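Next come two complexes, and both contain chain A; in the first it sits with chain B, in the second with chain C.
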Partner chain A sequence: MAFTLRSVKVPLNSASLEEARGRVFDFFRKACRSIPTIMDIYNLDDVVTKSQLRSIIASEIRKNTHVTNPKVIDLLLFKGMEELNNIVEHAKQRHHIIGQYVLGRQGLAQDLDTKDEGTSDFLKNFYKSNYF
Partner chain B sequence: MALRATVLRHIRLPVQTLTAIGSRPQPQWSFLRLFSSHDDHLTKEEVIDRVLDVVKSFPKVDRSRVTPDVHFQKYLGLDSLDNVEIVMALEEEFKLEIPDKEADKIDSCNLAIEYIYNHPMAG
Partner chain C sequence: MASSTGLSLKFSPLSTSFKQNKVRGICNVNSVSLPSRGMRLGSLRLRVSCAAKPETVDKVCSIVRKQLALPKDSPVTGESKFSALGADSLDTVEIVMGLEEEFGISVEEESAQHILTVQDAADLIEKLVEQKSA
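This part shows the complex of A and B:
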(Lines of atoms letter the chains of each structure in order from A and count residues from 1; the text may use other names and numbers.)
(Lines give C-alpha, C1' and ligand atoms only; values in the text may rest on other atoms or scores of the structure.)
Protein backbone atom coordinates (compact mmCIF):
# COMPACT_ATOMS: atom_id res chain seq x y z
CA MET A 1 0.00 0.00 0.00
CA ALA A 2 1.44 3.35 -0.93
CA PHE A 3 -0.04 4.89 2.19
CA THR A 4 1.99 2.80 4.56
CA LEU A 5 5.31 3.09 2.79
CA ARG A 6 6.55 5.76 5.07
CA SER A 7 4.79 4.95 8.30
CA VAL A 8 7.20 4.22 11.10
CA LYS A 9 7.21 0.50 11.89
CA VAL A 10 9.02 0.88 15.19
CA PRO A 11 8.48 3.99 17.27
CA LEU A 12 11.50 6.25 17.24
CA ASN A 13 13.63 5.93 20.30
CA SER A 14 16.75 8.02 20.08
CA ALA A 15 19.26 7.27 22.74
CA SER A 16 21.32 10.41 22.33
CA LEU A 17 21.26 13.81 20.71
CA GLU A 18 23.65 12.59 18.01
CA GLU A 19 21.28 9.80 17.00
CA ALA A 20 18.37 12.24 16.93
CA ARG A 21 20.44 14.61 14.82
CA GLY A 22 21.17 11.80 12.37
CA ARG A 23 17.44 11.03 12.18
CA VAL A 24 16.66 14.68 11.47
CA PHE A 25 19.06 14.66 8.54
CA ASP A 26 17.54 11.40 7.28
CA PHE A 27 14.10 12.97 7.44
CA PHE A 28 15.34 16.04 5.59
CA ARG A 29 16.86 13.91 2.85
CA LYS A 30 13.66 11.89 2.53
CA ALA A 31 11.62 15.06 2.24
CA CYS A 32 13.98 16.53 -0.37
CA ARG A 33 13.83 13.35 -2.42
CA SER A 34 10.04 13.52 -2.52
CA ILE A 35 10.04 17.13 -3.74
CA PRO A 36 9.74 16.17 -7.44
CA THR A 37 6.69 14.02 -6.60
CA ILE A 38 5.13 16.85 -4.62
CA MET A 39 5.69 19.38 -7.39
CA ASP A 40 4.11 16.98 -9.83
CA ILE A 41 1.07 16.16 -7.68
CA TYR A 42 0.16 19.73 -6.81
CA ASN A 43 1.32 21.41 -10.04
CA LEU A 44 3.65 23.77 -8.24
CA ASP A 45 5.96 24.36 -11.19
CA ASP A 46 4.70 27.89 -11.70
CA VAL A 47 4.76 28.81 -8.06
CA VAL A 48 8.05 27.64 -6.58
CA THR A 49 11.26 26.00 -7.68
CA LYS A 50 12.74 22.85 -6.17
CA SER A 51 15.50 24.78 -4.44
CA GLN A 52 13.00 27.15 -2.87
CA LEU A 53 11.06 24.19 -1.50
CA ARG A 54 14.29 22.76 -0.11
CA SER A 55 14.98 26.04 1.66
CA ILE A 56 11.44 26.13 3.00
CA ILE A 57 11.77 22.61 4.42
CA ALA A 58 15.14 23.55 5.93
CA SER A 59 13.68 26.62 7.58
CA GLU A 60 10.81 24.60 9.04
CA ILE A 61 13.33 22.20 10.55
CA ARG A 62 15.45 25.10 11.74
CA LYS A 63 12.55 26.49 13.78
CA ASN A 64 13.21 23.73 16.30
CA THR A 65 16.97 23.88 16.61
CA HIS A 66 16.74 24.99 20.20
CA VAL A 67 15.35 21.62 21.31
CA THR A 68 17.84 19.46 23.20
CA ASN A 69 15.72 16.59 24.56
CA PRO A 70 16.01 13.56 22.21
CA LYS A 71 12.47 12.44 23.04
CA VAL A 72 11.04 15.80 22.03
CA ILE A 73 13.04 15.62 18.81
CA ASP A 74 11.56 12.17 18.18
CA LEU A 75 8.09 13.55 18.64
CA LEU A 76 8.74 16.44 16.26
CA LEU A 77 10.15 13.99 13.72
CA PHE A 78 7.06 11.83 14.04
CA LYS A 79 4.85 14.82 13.37
CA GLY A 80 7.06 15.81 10.45
CA MET A 81 6.86 12.32 8.96
CA GLU A 82 3.10 12.35 9.32
CA GLU A 83 2.89 15.70 7.55
CA LEU A 84 5.17 14.50 4.77
CA ASN A 85 3.07 11.35 4.34
CA ASN A 86 -0.10 13.40 4.13
CA ILE A 87 1.38 15.66 1.50
CA VAL A 88 2.80 12.87 -0.64
CA GLU A 89 -0.33 10.73 -0.58
CA HIS A 90 -2.35 13.73 -1.82
CA ALA A 91 -4.37 14.07 1.35
CA LYS A 92 -3.86 17.83 1.15
CA GLN A 93 -4.75 20.23 -1.63
CA ARG A 94 -2.82 22.79 -3.56
CA HIS A 95 -4.00 25.78 -1.57
CA HIS A 96 -2.91 24.07 1.65
CA ILE A 97 0.60 23.62 0.36
CA ILE A 98 0.80 27.13 -1.04
CA GLY A 99 -0.64 28.75 2.07
CA GLN A 100 1.29 26.74 4.61
CA TYR A 101 4.64 26.41 2.95
CA VAL A 102 5.13 28.63 -0.03
CA LEU A 103 3.89 31.97 1.17
CA GLY A 104 6.13 33.98 3.42
CA ARG A 105 5.70 35.22 6.92
CA GLN A 106 2.79 37.48 6.08
CA GLY A 107 0.81 34.38 5.10
CA LEU A 108 -2.46 34.74 3.33
CA ALA A 109 -3.37 38.12 4.83
CA GLN A 110 -1.09 40.45 2.95
CA ASP A 111 -0.93 44.17 3.40
CA LEU A 112 -1.93 45.06 -0.12
CA ASP A 113 -4.74 47.59 0.12
CA THR A 114 -4.25 51.22 1.04
CA LYS A 115 -6.98 50.89 3.62
CA ASP A 116 -4.93 48.34 5.55
CA GLU A 117 -1.92 50.59 5.91
CA GLY A 118 -3.80 52.90 8.23
CA THR A 119 -4.55 50.23 10.82
CA SER A 120 -2.66 50.37 14.04
CA ASP A 121 0.33 48.23 14.92
CA PHE A 122 -1.70 46.73 17.75
CA LEU A 123 -4.19 45.29 15.31
CA LYS A 124 -1.49 43.98 13.01
CA ASN A 125 0.25 42.19 15.87
CA PHE A 126 -3.10 40.91 17.08
CA TYR A 127 -3.83 39.36 13.70
CA LYS A 128 -0.44 37.67 13.68
CA SER A 129 -0.48 35.93 17.05
CA ASN A 130 -1.83 35.83 20.58
CA TYR A 131 1.38 36.81 22.29
CA PHE A 132 3.02 40.13 21.58
CA MET B 1 16.23 6.19 -59.82
CA ALA B 2 17.89 8.77 -61.98
CA LEU B 3 18.09 11.14 -59.05
CA ARG B 4 19.66 8.45 -56.95
CA ALA B 5 22.20 7.73 -59.62
CA THR B 6 23.14 11.40 -60.00
CA VAL B 7 23.40 11.84 -56.24
CA LEU B 8 25.55 8.76 -55.86
CA ARG B 9 27.80 9.94 -58.64
CA HIS B 10 28.48 13.19 -56.85
CA ILE B 11 29.00 12.03 -53.31
CA ARG B 12 32.58 11.59 -52.34
CA LEU B 13 33.78 10.28 -49.01
CA PRO B 14 37.31 11.04 -47.92
CA VAL B 15 39.40 7.94 -48.40
CA GLN B 16 41.12 6.85 -45.20
CA THR B 17 44.14 4.67 -45.62
CA LEU B 18 44.80 2.55 -42.57
CA THR B 19 48.35 2.64 -41.45
CA ALA B 20 50.33 -0.57 -41.49
CA ILE B 21 50.87 -0.44 -37.72
CA GLY B 22 47.34 -0.75 -36.48
CA SER B 23 43.78 -0.22 -37.47
CA ARG B 24 42.67 2.22 -34.79
CA PRO B 25 39.75 4.36 -35.84
CA GLN B 26 40.98 7.72 -37.08
CA PRO B 27 40.55 10.61 -34.64
CA GLN B 28 38.10 12.53 -36.80
CA TRP B 29 35.64 9.67 -36.69
CA SER B 30 35.88 9.26 -32.93
CA PHE B 31 32.65 11.18 -32.44
CA LEU B 32 30.82 8.40 -34.26
CA ARG B 33 31.32 5.83 -31.49
CA LEU B 34 27.60 5.91 -30.86
CA PHE B 35 27.19 2.72 -28.88
CA SER B 36 30.07 3.17 -26.50
CA SER B 37 29.28 4.55 -23.08
CA HIS B 38 32.90 5.07 -22.13
CA ASP B 39 32.95 8.66 -23.36
CA ASP B 40 30.03 9.73 -21.22
CA HIS B 41 32.05 10.84 -18.22
CA LEU B 42 31.91 14.51 -17.42
CA THR B 43 35.14 16.41 -17.69
CA LYS B 44 36.66 17.74 -14.52
CA GLU B 45 36.17 21.37 -15.56
CA GLU B 46 32.50 20.78 -16.25
CA VAL B 47 32.04 19.13 -12.86
CA ILE B 48 33.85 22.01 -11.13
CA ASP B 49 31.78 24.62 -12.97
CA ARG B 50 28.47 22.98 -12.21
CA VAL B 51 29.33 22.33 -8.56
CA LEU B 52 30.36 25.96 -8.09
CA ASP B 53 27.16 27.14 -9.77
CA VAL B 54 25.08 25.06 -7.38
CA VAL B 55 26.96 26.38 -4.35
CA LYS B 56 26.77 29.98 -5.57
CA SER B 57 23.04 29.82 -6.16
CA PHE B 58 22.47 28.76 -2.57
CA PRO B 59 20.75 31.78 -1.00
CA LYS B 60 22.85 31.93 2.15
CA VAL B 61 26.17 31.83 0.37
CA ASP B 62 28.25 34.87 -0.52
CA ARG B 63 29.09 34.36 -4.20
CA SER B 64 32.46 36.04 -4.05
CA ARG B 65 33.83 33.67 -1.42
CA VAL B 66 33.18 30.47 -3.35
CA THR B 67 36.29 28.72 -4.68
CA PRO B 68 36.81 25.08 -5.65
CA ASP B 69 38.30 24.18 -2.27
CA VAL B 70 36.13 26.08 0.15
CA HIS B 71 34.84 24.33 3.29
CA PHE B 72 31.09 24.80 3.69
CA GLN B 73 30.84 25.13 7.44
CA LYS B 74 34.18 26.64 8.35
CA TYR B 75 34.68 29.07 5.48
CA LEU B 76 31.20 29.91 4.25
CA GLY B 77 29.65 30.00 7.71
CA LEU B 78 26.87 27.50 7.01
CA ASP B 79 25.57 24.98 9.49
CA SER B 80 25.17 21.22 9.21
CA LEU B 81 21.61 21.43 7.87
CA ASP B 82 22.83 23.77 5.11
CA ASN B 83 25.53 21.24 4.35
CA VAL B 84 22.92 18.51 3.84
CA GLU B 85 20.87 20.92 1.72
CA ILE B 86 23.82 21.66 -0.55
CA VAL B 87 24.48 17.93 -0.97
CA MET B 88 20.81 17.43 -1.89
CA ALA B 89 21.07 20.28 -4.42
CA LEU B 90 24.12 18.56 -5.94
CA GLU B 91 22.16 15.29 -6.07
CA GLU B 92 19.46 17.05 -8.04
CA GLU B 93 21.89 18.77 -10.39
CA PHE B 94 23.84 15.63 -11.29
CA LYS B 95 20.88 13.24 -11.11
CA LEU B 96 22.63 11.08 -8.52
CA GLU B 97 21.53 9.42 -5.35
CA ILE B 98 24.30 9.71 -2.80
CA PRO B 99 24.07 7.20 0.11
CA ASP B 100 23.90 8.71 3.57
CA LYS B 101 27.31 7.55 4.72
CA GLU B 102 29.01 9.20 1.76
CA ALA B 103 26.87 12.31 2.00
CA ASP B 104 27.93 12.87 5.59
CA LYS B 105 31.55 13.02 4.51
CA ILE B 106 31.03 15.70 1.87
CA ASP B 107 32.05 18.78 3.79
CA SER B 108 33.69 21.00 1.25
CA CYS B 109 33.71 21.84 -2.44
CA ASN B 110 36.71 19.72 -3.37
CA LEU B 111 35.28 16.61 -1.67
CA ALA B 112 32.05 17.16 -3.61
CA ILE B 113 33.95 17.57 -6.89
CA GLU B 114 36.01 14.43 -6.19
CA TYR B 115 32.96 12.35 -5.37
CA ILE B 116 30.95 13.47 -8.37
CA TYR B 117 33.85 13.12 -10.77
CA ASN B 118 34.46 9.57 -9.62
CA HIS B 119 30.81 8.58 -9.71
CA PRO B 120 30.03 6.51 -12.82
CA MET B 121 26.43 7.68 -13.05
CA ALA B 122 27.01 11.42 -12.82
CA GLY B 123 24.84 13.25 -15.37
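This part shows the complex of A and C:
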Protein backbone atom coordinates (compact mmCIF):
# COMPACT_ATOMS: atom_id res chain seq x y z
CA MET A 1 0.00 0.00 0.00
CA ALA A 2 2.20 2.79 -1.23
CA PHE A 3 -0.20 5.59 -0.50
CA THR A 4 -0.35 4.92 3.22
CA LEU A 5 3.35 5.63 3.48
CA ARG A 6 2.80 9.25 2.70
CA SER A 7 -0.67 9.99 3.95
CA VAL A 8 -0.77 12.06 7.10
CA LYS A 9 -1.75 9.98 10.10
CA VAL A 10 -2.61 12.96 12.29
CA PRO A 11 -4.20 15.99 10.66
CA LEU A 12 -1.77 18.86 10.39
CA ASN A 13 -2.14 21.48 13.04
CA SER A 14 0.52 24.14 12.78
CA ALA A 15 0.75 26.38 15.78
CA SER A 16 2.58 29.21 14.08
CA LEU A 17 3.63 30.49 10.69
CA GLU A 18 7.16 29.25 11.29
CA GLU A 19 5.97 25.71 11.88
CA ALA A 20 3.85 25.89 8.74
CA ARG A 21 6.84 27.20 6.81
CA GLY A 22 8.91 24.26 8.03
CA ARG A 23 6.18 21.89 6.93
CA VAL A 24 6.09 23.50 3.49
CA PHE A 25 9.81 22.94 3.08
CA ASP A 26 9.46 19.34 4.25
CA PHE A 27 6.76 18.80 1.68
CA PHE A 28 8.89 20.37 -1.02
CA ARG A 29 11.82 18.14 -0.13
CA LYS A 30 9.59 15.07 -0.18
CA ALA A 31 8.26 16.04 -3.57
CA CYS A 32 11.73 16.68 -4.96
CA ARG A 33 12.98 13.35 -3.67
CA SER A 34 10.15 11.55 -5.43
CA ILE A 35 10.86 13.25 -8.77
CA PRO A 36 13.07 10.38 -10.05
CA THR A 37 10.24 7.92 -9.31
CA ILE A 38 7.75 10.11 -11.12
CA MET A 39 9.96 10.48 -14.16
CA ASP A 40 10.35 6.74 -14.22
CA ILE A 41 6.68 5.91 -13.83
CA TYR A 42 5.41 8.27 -16.52
CA ASN A 43 8.41 8.13 -18.87
CA LEU A 44 8.96 11.84 -18.76
CA ASP A 45 12.64 11.73 -19.67
CA ASP A 46 12.04 13.05 -23.16
CA VAL A 47 9.69 15.75 -22.06
CA VAL A 48 11.19 17.47 -19.02
CA THR A 49 14.31 17.37 -16.93
CA LYS A 50 14.44 16.91 -13.17
CA SER A 51 15.38 20.52 -12.56
CA GLN A 52 12.46 21.71 -14.67
CA LEU A 53 10.09 19.61 -12.59
CA ARG A 54 11.67 21.01 -9.46
CA SER A 55 11.10 24.57 -10.58
CA ILE A 56 7.53 23.73 -11.59
CA ILE A 57 6.85 22.38 -8.10
CA ALA A 58 8.48 25.46 -6.60
CA SER A 59 6.35 27.79 -8.70
CA GLU A 60 3.21 25.94 -7.61
CA ILE A 61 4.22 26.46 -4.02
CA ARG A 62 5.13 30.06 -4.71
CA LYS A 63 1.62 30.76 -6.02
CA ASN A 64 0.48 30.71 -2.40
CA THR A 65 3.16 32.80 -0.75
CA HIS A 66 0.67 35.50 0.15
CA VAL A 67 -1.16 33.19 2.58
CA THR A 68 -0.54 34.02 6.23
CA ASN A 69 -3.09 31.88 8.08
CA PRO A 70 -1.39 28.67 9.33
CA LYS A 71 -4.64 26.73 9.04
CA VAL A 72 -5.00 27.66 5.39
CA ILE A 73 -1.40 26.65 4.80
CA ASP A 74 -2.16 23.32 6.49
CA LEU A 75 -5.06 22.74 4.16
CA LEU A 76 -3.00 23.62 1.10
CA LEU A 77 -0.30 21.24 2.29
CA PHE A 78 -2.87 18.51 2.78
CA LYS A 79 -4.10 18.95 -0.76
CA GLY A 80 -0.54 19.01 -2.01
CA MET A 81 0.25 15.78 -0.22
CA GLU A 82 -2.87 14.21 -1.66
CA GLU A 83 -1.86 15.25 -5.16
CA LEU A 84 1.66 13.94 -4.66
CA ASN A 85 0.31 10.64 -3.38
CA ASN A 86 -1.94 10.31 -6.39
CA ILE A 87 0.89 10.98 -8.77
CA VAL A 88 3.34 8.62 -7.12
CA GLU A 89 0.93 5.71 -6.83
CA HIS A 90 0.18 5.99 -10.55
CA ALA A 91 -3.41 7.00 -10.03
CA LYS A 92 -2.88 9.65 -12.69
CA GLN A 93 -1.75 9.19 -16.25
CA ARG A 94 0.97 10.68 -18.36
CA HIS A 95 -1.19 13.21 -20.14
CA HIS A 96 -2.49 14.48 -16.80
CA ILE A 97 1.02 15.15 -15.60
CA ILE A 98 2.11 16.74 -18.85
CA GLY A 99 -1.00 18.87 -19.21
CA GLN A 100 -1.24 20.00 -15.62
CA TYR A 101 2.39 20.52 -14.76
CA VAL A 102 4.63 20.59 -17.76
CA LEU A 103 2.62 22.61 -20.22
CA GLY A 104 0.55 25.60 -19.42
CA ARG A 105 3.23 28.26 -19.16
CA GLN A 106 4.27 28.77 -22.74
CA GLY A 107 3.84 25.25 -23.97
CA LEU A 108 6.67 22.95 -24.88
CA ALA A 109 9.00 24.65 -27.30
CA GLN A 110 9.46 21.53 -29.42
CA ASP A 111 5.74 21.08 -29.85
CA LEU A 112 5.11 24.25 -31.80
CA ASP A 113 3.39 23.31 -35.01
CA THR A 114 4.86 24.21 -38.32
CA LYS A 115 2.09 26.72 -38.82
CA ASP A 116 3.58 28.81 -36.05
CA GLU A 117 6.96 29.05 -37.70
CA GLY A 118 5.90 31.71 -40.14
CA THR A 119 4.01 33.99 -37.78
CA SER A 120 5.67 37.20 -36.80
CA ASP A 121 7.07 37.97 -33.41
CA PHE A 122 4.50 40.71 -33.05
CA LEU A 123 1.67 38.23 -33.29
CA LYS A 124 3.35 35.79 -30.94
CA ASN A 125 3.79 38.48 -28.33
CA PHE A 126 0.26 39.68 -28.93
CA TYR A 127 -1.15 36.22 -28.25
CA LYS A 128 0.86 35.97 -25.06
CA SER A 129 -0.11 39.19 -23.33
CA ASN A 130 -1.22 42.78 -23.68
CA TYR A 131 2.07 44.36 -22.75
CA PHE A 132 5.19 43.88 -24.80
CA MET B 1 55.11 22.14 6.29
CA ALA B 2 53.35 21.56 9.59
CA SER B 3 51.41 18.73 8.03
CA SER B 4 54.52 17.02 6.71
CA THR B 5 56.30 17.21 10.06
CA GLY B 6 53.21 15.84 11.75
CA LEU B 7 53.17 12.94 9.33
CA SER B 8 56.83 12.22 9.80
CA LEU B 9 56.36 12.14 13.57
CA LYS B 10 53.53 9.66 13.26
CA PHE B 11 55.37 7.29 10.97
CA SER B 12 58.77 7.43 12.66
CA PRO B 13 58.26 4.13 14.55
CA LEU B 14 57.50 2.45 11.24
CA SER B 15 60.47 3.82 9.36
CA THR B 16 63.41 4.27 11.74
CA SER B 17 65.90 3.87 8.93
CA PHE B 18 64.60 6.96 7.17
CA LYS B 19 65.33 9.29 10.08
CA GLN B 20 68.67 10.37 8.56
CA ASN B 21 67.38 12.15 5.49
CA LYS B 22 64.14 13.69 6.64
CA VAL B 23 63.06 15.09 3.28
CA ARG B 24 63.58 11.92 1.31
CA GLY B 25 62.30 9.96 4.25
CA ILE B 26 59.01 11.74 4.16
CA CYS B 27 58.59 11.07 0.45
CA ASN B 28 59.39 7.41 0.93
CA VAL B 29 57.09 7.13 3.91
CA ASN B 30 54.29 8.59 1.84
CA SER B 31 54.84 6.23 -1.03
CA VAL B 32 55.21 3.18 1.17
CA SER B 33 52.34 3.82 3.53
CA LEU B 34 49.79 5.04 1.03
CA PRO B 35 48.28 1.62 0.29
CA SER B 36 47.78 0.78 3.93
CA ARG B 37 46.94 4.16 5.36
CA GLY B 38 45.62 5.86 2.25
CA MET B 39 42.33 6.76 3.85
CA ARG B 40 43.87 8.45 6.87
CA LEU B 41 46.42 10.30 4.79
CA GLY B 42 43.69 11.53 2.50
CA SER B 43 41.49 12.73 5.30
CA LEU B 44 44.42 14.38 7.11
CA ARG B 45 45.39 16.20 3.96
CA LEU B 46 41.86 17.42 3.40
CA ARG B 47 41.61 18.82 6.88
CA VAL B 48 44.91 20.65 6.64
CA SER B 49 44.13 22.25 3.29
CA CYS B 50 41.23 24.65 2.65
CA ALA B 51 37.73 23.58 3.55
CA ALA B 52 36.24 22.97 0.12
CA LYS B 53 37.76 22.24 -3.25
CA PRO B 54 37.47 25.08 -5.76
CA GLU B 55 35.77 22.89 -8.35
CA THR B 56 33.06 22.06 -5.84
CA VAL B 57 32.57 25.76 -5.15
CA ASP B 58 32.46 26.37 -8.90
CA LYS B 59 29.83 23.71 -9.43
CA VAL B 60 27.76 25.16 -6.60
CA CYS B 61 28.11 28.64 -8.07
CA SER B 62 26.94 27.47 -11.50
CA ILE B 63 23.91 25.71 -10.02
CA VAL B 64 23.06 28.81 -7.97
CA ARG B 65 23.42 31.01 -11.02
CA LYS B 66 21.17 28.80 -13.09
CA GLN B 67 18.57 28.55 -10.37
CA LEU B 68 18.38 32.25 -9.63
CA ALA B 69 18.73 33.19 -13.32
CA LEU B 70 21.65 35.49 -12.62
CA PRO B 71 23.57 36.98 -15.54
CA LYS B 72 26.96 35.50 -16.33
CA ASP B 73 29.03 38.36 -14.99
CA SER B 74 27.32 38.78 -11.61
CA PRO B 75 29.70 38.13 -8.71
CA VAL B 76 29.04 34.77 -7.09
CA THR B 77 31.86 33.88 -4.73
CA GLY B 78 32.19 31.61 -1.74
CA GLU B 79 31.12 34.34 0.62
CA SER B 80 27.98 35.48 -1.21
CA LYS B 81 24.91 34.85 0.87
CA PHE B 82 21.91 33.34 -0.85
CA SER B 83 19.65 36.07 0.45
CA ALA B 84 21.98 38.72 -0.94
CA LEU B 85 21.75 37.10 -4.38
CA GLY B 86 17.99 37.49 -4.35
CA ALA B 87 16.96 34.01 -3.22
CA ASP B 88 14.09 33.57 -0.81
CA SER B 89 13.88 30.58 1.51
CA LEU B 90 12.15 28.37 -1.05
CA ASP B 91 14.91 29.18 -3.55
CA THR B 92 17.49 28.12 -0.99
CA VAL B 93 15.73 24.80 -0.43
CA GLU B 94 15.49 24.30 -4.18
CA ILE B 95 19.19 25.01 -4.62
CA VAL B 96 19.98 22.47 -1.89
CA MET B 97 17.83 19.88 -3.66
CA GLY B 98 19.59 20.65 -6.93
CA LEU B 99 22.94 20.11 -5.21
CA GLU B 100 21.64 16.85 -3.75
CA GLU B 101 20.83 15.63 -7.23
CA GLU B 102 24.08 16.89 -8.75
CA PHE B 103 26.38 15.32 -6.18
CA GLY B 104 24.27 12.30 -5.31
CA ILE B 105 24.18 13.09 -1.60
CA SER B 106 21.35 13.43 0.88
CA VAL B 107 21.24 16.52 3.06
CA GLU B 108 19.53 16.43 6.45
CA GLU B 109 16.95 19.06 7.28
CA GLU B 110 18.89 20.39 10.26
CA SER B 111 22.07 20.86 8.29
CA ALA B 112 20.16 22.43 5.43
CA GLN B 113 18.87 25.16 7.73
CA HIS B 114 22.38 26.34 8.52
CA ILE B 115 23.36 26.93 4.92
CA LEU B 116 23.62 30.68 4.43
CA THR B 117 26.46 31.18 1.96
CA VAL B 118 27.85 29.38 -1.05
CA GLN B 119 30.87 28.33 0.99
CA ASP B 120 28.64 26.66 3.60
CA ALA B 121 26.97 24.62 0.91
CA ALA B 122 30.29 23.59 -0.63
CA ASP B 123 31.68 22.55 2.77
CA LEU B 124 28.61 20.49 3.56
CA ILE B 125 28.80 18.81 0.17
CA GLU B 126 32.45 17.97 0.67
CA LYS B 127 31.72 16.46 4.06
CA LEU B 128 28.84 14.37 2.76
CA VAL B 129 30.77 13.16 -0.29
CA GLU B 130 33.63 12.18 1.99
CA GLN B 131 31.25 10.32 4.30
CA LYS B 132 29.67 8.56 1.39
CA SER B 133 32.96 7.41 -0.12
CA ALA B 134 34.47 6.45 3.25
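Everything that follows uses one rule, which is that the second predicted complex is superposed on the first by the 104 of 132 C-alpha atoms of A that agree within 3 Å, B and C clash if a C-alpha of one lies under 4 Å from a C-alpha of the other, contacts with A are read in each partner's own complex, and residues count from 1 in each chain.
Everything below uses one rule, namely that a contact is a pair of C-beta atoms (placed from the backbone, for glycine too) under 8 Å apart; a residue touches a chain by one contact, two chains touch by 3 or more.
Because the structure is predicted, anything quoted here is derived from the model rather than measured.
When both complexes are superposed on chain A, chain B and chain C end up clashing with one another. Of the two partner chains placed around the shared chain by superposition, chain B and chain C are both touched by A:Cys32. When the shared chain is aligned, chain B and chain C each come close enough to touch A:Lys50. In the superposition on chain A, A:Ile41 makes contact with neither chain B nor chain C. Counting contacts by the rule stated earlier, residues 21, 24-26, 28-29, 32-33, 50-51, 54-55, 58, 61-62 of chain A appear in both its interface with chain B and its interface with chain C.
Residues 66-67, 89-91, 93-94, 97-98, 100-101, 109 of chain C are the ones touching chain A in the complex. Chain contact summary for the complex, chain A toward chain B: residues 21, 24-26, 28-29, 32-33, 50-51, 54-55, 58, 61-62. Per the touch definition, chain A reaches chain C in the complex via residues 21, 24-26, 28-29, 32-33, 50-51, 54-55, 58, 61-62, 65.
Taken together, the chain B residues at the contact with chain A in this complex read 57-59, 80-82, 84-85, 88-89, 91-92, 97, 100, 103-104.
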